[in-house]
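Please find the structures below.
One chain, chain A, appears in both complexes that follow, with chain B as partner in the first and chain C in the second.
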Partner chain A sequence: MRLSGECRGVSEVIASLVMLLVVSLLGTTLYAYSQTTLNSLQESFQYSLTLEEERVKEKFRVLAVWWDGSDLLNITILNYGKVDISVDAIYIDNKPATRFLSGRGETVYTLKLVHVKLTSPVAIVEGRGYDIVVVSERGVRCEYLWTP
Partner chain B sequence: MVLAVAGGVVIYAYTMGYLGGLGGSNTPGTLSLDAATCNTTHIVAYVRNIGSKVVNVSAAYVNNAPATLYRNQDVRIAVGSVGTVIINGTYTVGATYQVRLVCDDNTRLDFSVKCES
Partner chain C sequence: MNTSGRLSGTRRGTGSIIGAVFLLLILLSGLTAYILTVRTQVAYRSTQEEMDQLERYQGQEEITFQEVSLTGDRRLNITARNTGPNTVHLIWLGVLDETVTPPIQRFSELDLYLKPYETATNISTDDVTILEGHNYTILLVTELGSVFTYTYPPEEAGGARVRIIARNCTVSYSPSGWSLLNSTGYVSGSTSSLVEDDGDYLIFRSHYTGTRRTQYRYVDQIPEPSVDPPTYGAHSNFTAQRSGPDSVYDTLTEESVPGTGNITLIDGESFEDIWPPAGWSETGQWNKESDEAYDGTYSADFDGLGSGRSGDLDTPELDCSDAVAIYVEFWYRDDDLDADDLLLQYYDGTTWNTIADLGSTTQENQWLHYREKITDSRYFVSNFKVRWSAVNIRTGEHAWIDYVTIKEEVETSSYKLDLEVQWRDVDFDEENEELCIYCGTMGSEDLGVDVWYNSTWQSLLTDLNPGWNNVSVAPYLDSPNFTIRFIGGTETGDTTQDSWEIDAALLHLWSEVEEYTVEVEFTGSSNLEDWTELVWWVESCWNISGVDVTIQLYDYALGDYPTGGDGYTSYTSSGTPNTDELRLGNITSNASRFRNATSGEWRVRIRGVKETGTPFLLKVDLIGLQTTYSFSGGTLPYGGWGWYTLRAEDPDGAPIPYAYASVYADGENVLLRNASNGEAMENPAWVRLDSNGEFQLEVSSRSPGGDEFTLYIVVGSLVGERRITQEGST
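Moving on, here comes the complex of A and B:
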């Protein structure tokens, strides 16, 4: 096609090809980016879903607390849930225990016991009630009111 | 044709922005409360990161009012770890406070704590 005056242009075929190229490039970029982002999102949702599912299946309770008369405690915990657990933290009257002698971090299989020995972060007085909170690695809590 | 291209560019930009906000680093983490205590000057929360990425607790609200974190410092909590978040303030013994912790990636944790001593 010839244009009048000084104006010059490209043929309809070339223009169409350029347009096609631009649209294809944009489409490809959008597709690749969407794929990556959606995959990442899906992985994130899957992780959250699996974690929540495991947290729901996780069930444990304190069966007994043994006290040596000073500040040493031995807490017996039963895993009666459907997944293995691991005791990660124990709080006594909302104060975290920092000195563990054994039991912490051990895998406790379903219907098995674990004995967690620790030094109490608070002074134990006979006859007084203590709020013991056991927390698993997945963040599931078990509360137990104990009176020595 | 100009309209079609302009429309395409607008839709493209909108979609890219929307997708950018959905995934990746903007996805919030997951926090869980282990235990919390309160005295007349501080609320102390032991917060567990049960998500898949590191979080940074950067703001706290007590009864919907902004509160200050101890030393005005963010609390960084690694994956699987427990962070101690201390919130300054004046609290009344016997009262229960609604606390919200907010991370810089918009991860939130709400809990209540009774001031006991």
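Moving on, here comes the complex of A and C:
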């Protein structure tokens, strides 16, 4: 059925409104999506960079190792970085210590010492060199060569 | 109004504008994210640069130890100079004594800023006393993590050397006196008997400590299953019996138990009194006569006459409406009766029914017993009657009835109590064994107690009263399990529910024990050093076997003798009398607590106990304490053994292994021995150093008035010497 000439203008108005609606919806969706994605990316980036920044601020070293003559060790560690740390793992000649008596997980404030007491995972022989690796909770490691 | 639908030119761009706004917003978001990211990166880089800078500063830090000396009280006095270009902040001072095993490591906090080329003096710590002969590594730690070390005493440069390194000192002590505790008696010997293991004894006599050994054993449980089921009644709180008396009760309450009972309606009627008996009726010629009687003098009699006569003898109406059964019992006798001459009939309330033809009995002229349990419910009426009907009894025929008993069985319920309680693992060997039950408020009915013995119940108490109820159970207590029951005094036809309060139930077991005891406390003196190890020993014997012995070292921190752990041992002496037994202990944790901190006094207590009727003797051969402590090596106590490591080193500090060394001490009463194996050595002596260039030497000097001597070690042309002062004996 053909519409009369007087009816043509009505469909154009509706078409314009529909177009406006479609453009608004598409724009809102695109904006929301871009906002979410950018925020997520930015937060993820910021988190990893902040973590990395804290790792950069971490500085610690082994000052002394006490040995009882059998298999008990007491490792004195100095935190001289700009953030507090805590010791998470200690390796002796690449073997992880599993029996900690004290010190592990303790918060070590900056410029303070922690004494980590543990049972050595390897037999200690006087005069031999041992590679001691201390790992913090943020994953920063510090190596120390110790000769009893 | 324009309805053509053509939009004006100004509205054509609305969609584009909206799109542009959104595009702008998206770009703005991206820009914001970018700016934040850049800021974070900048902060990270800044931190990284800062840390790099610190690392560079750390690399430039330089501290020089200018002088390390000792104060009068042997504290460190360090003079250090900052020779680097930047200010240094010293935060820790570490002093590591690697001479002893295990090493001693002390860290003290510092807060000292040193400007470039500034010198600091009197860097020290009160935590560490420098011991003569020990080698120390001194650490100065900066805020940036630099560590500067110094060896004290400084190593002599340019040549090999022999060192005499003091390790520790061991001193042994024997008691100087003793105290007899309680009534222990002295027999012979003196403290000099305690110095050597030589069979020379200090002897003590035991004293009588016989006593009554008593046990109170509260009841343990309700036996499950019951030793003799069924049980009746209930506990309110059985646990209450297991303690007290404390006014916390276990209330025992009777239980209603259904059952049946007999009610006697006619009780052995033998027609001795009035005729007919009260309530009875008769017709015809029934009367009482004494010609025949089963019980007493008379019986009911019917004599025949002529061609026959008849009559009935009826019981009174009997109320059997609540019966579940009726028991009829009587004795009868006939003389020449024929069948149908004497009939037994029951009245069901409306009709007489013939039950038995007593005349047909062939056994004549003798008393016959008739018994019947009626279960036919027709007769469970309120006017039940029994009739003996004589029918046509002729001359010469006679019938007798005697001793009639009629009972009805009815349903009843009765309150009963039968509750068992039990003891387990009872010590059944004691001389005296009593059951004691403490009661509170008691019901009006008696409450008895039975004991289960030889698979049956034996009565112990017939009625418990408020307060204690004690009874000997020695005849029944011959096994570890002991069971009693609380039993109601009236168990049949008890229509009243009673309850009784039981506060405590226990077995009181006791014996008179003959026992003798020896108790002696030995005292001695010692040094006031910080003991790293304490070894103690006691060797003794007893002139009888199997004495329970306790040896204790007085713990001055505890303020008492310990009852376990370090400084405590207990044992049962040998089965063979007069057998020497050595007991020793090694204490490495806080050993100094076993001596008085100001006087050095120590105490050892020996206690021996045996259940016996015969006194016995304690014979002590040896008591000693060996104390070990770190020492500087310059002073030796009288009789003490100082342990020194003799070490030969090349100019680089490396050991000279397997070298022969001459060892000599020029004192008057010096003893030398090999610390590794304890073997005595000559003075002077040749020794061979081990693979580490070391020899472990122990030195002792025993000049009562004290001595000063020099210990020499010579390896080739290298000479090491140490001046040692021996303290006099006190």
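In the analysis below, the second predicted complex is superposed on the first by the 138 of 148 C-alpha atoms of A that agree within 3 Å, B and C clash if a C-alpha of one lies under 4 Å from a C-alpha of the other, contacts with A are read in each partner's own complex, and residues count from 1 in each chain.
The rule is short, and it goes like this: contacts are C-beta pairs under 8 Å (C-beta built on N, C-alpha and C of every residue); 3 or more make two chains touch, one makes a residue touch a chain.
Computed from a predicted model, the values in this text were never measured in an experiment.
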item	value
Partners on chain A (chain B, chain C) - clash or fit	fit
Contacts of A:A64 with chain B and chain C, given as first, second, both or neither	second
Which superposed partner A:Y109 touches (first chain B, second chain C, both, neither)	neither
Touching partner for A:L38 - first (chain B), second (chain C), both, neither	both
Chain B versus chain C as contact partner of A:G139, first or second or both or neither	first
Partner chain in contact with A:L51 - chain B first, chain C second, else both or neither	first
Greater residue coverage of chain A in the superposed arrangement, chain B or chain C	C
Touched partner set for A:K95, first chain B, second chain C, both or neither	first
Which of chain B and chain C A:L78 touches, first, second, both or neither	second
Least Cα gap, in Å, left between chain B and chain C after the two complexes are fitted on chain A	10
Chain B/chain C common contact set on chain A	19, 23, 26, 30, 34, 38, 41
Interfacial residue positions of chain C with respect to chain A in the complex	2-7, 11, 14-15, 18-19, 21-23, 25-26, 29-30, 32-33, 36-37, 40-41, 43-44, 47-48, 51, 54, 91-92, 94, 96, 101-103, 105, 107, 139, 141-145, 147, 692
Interfacial residue positions of chain A with respect to chain C in the complex	6, 8-13, 16, 19-20, 23-24, 26-28, 30-31, 34-35, 38-39, 41-42, 45-46, 49-50, 52-53, 56-57, 59-61, 63-64, 66-69, 74, 76, 78, 80, 82, 111, 113, 127
For the chain B and chain A complex, residues of the former touching the latter	1, 5, 8, 12, 15-16, 19-20, 22-24, 27, 30, 32, 34-37, 46, 48, 50-52, 80, 82
Chain B partner contacts - residues on chain A that touch it in the complex	19, 23, 26, 30, 33-34, 37-38, 40-41, 44, 47-48, 51, 88-89, 91, 94-96, 133, 135, 137-139, 141
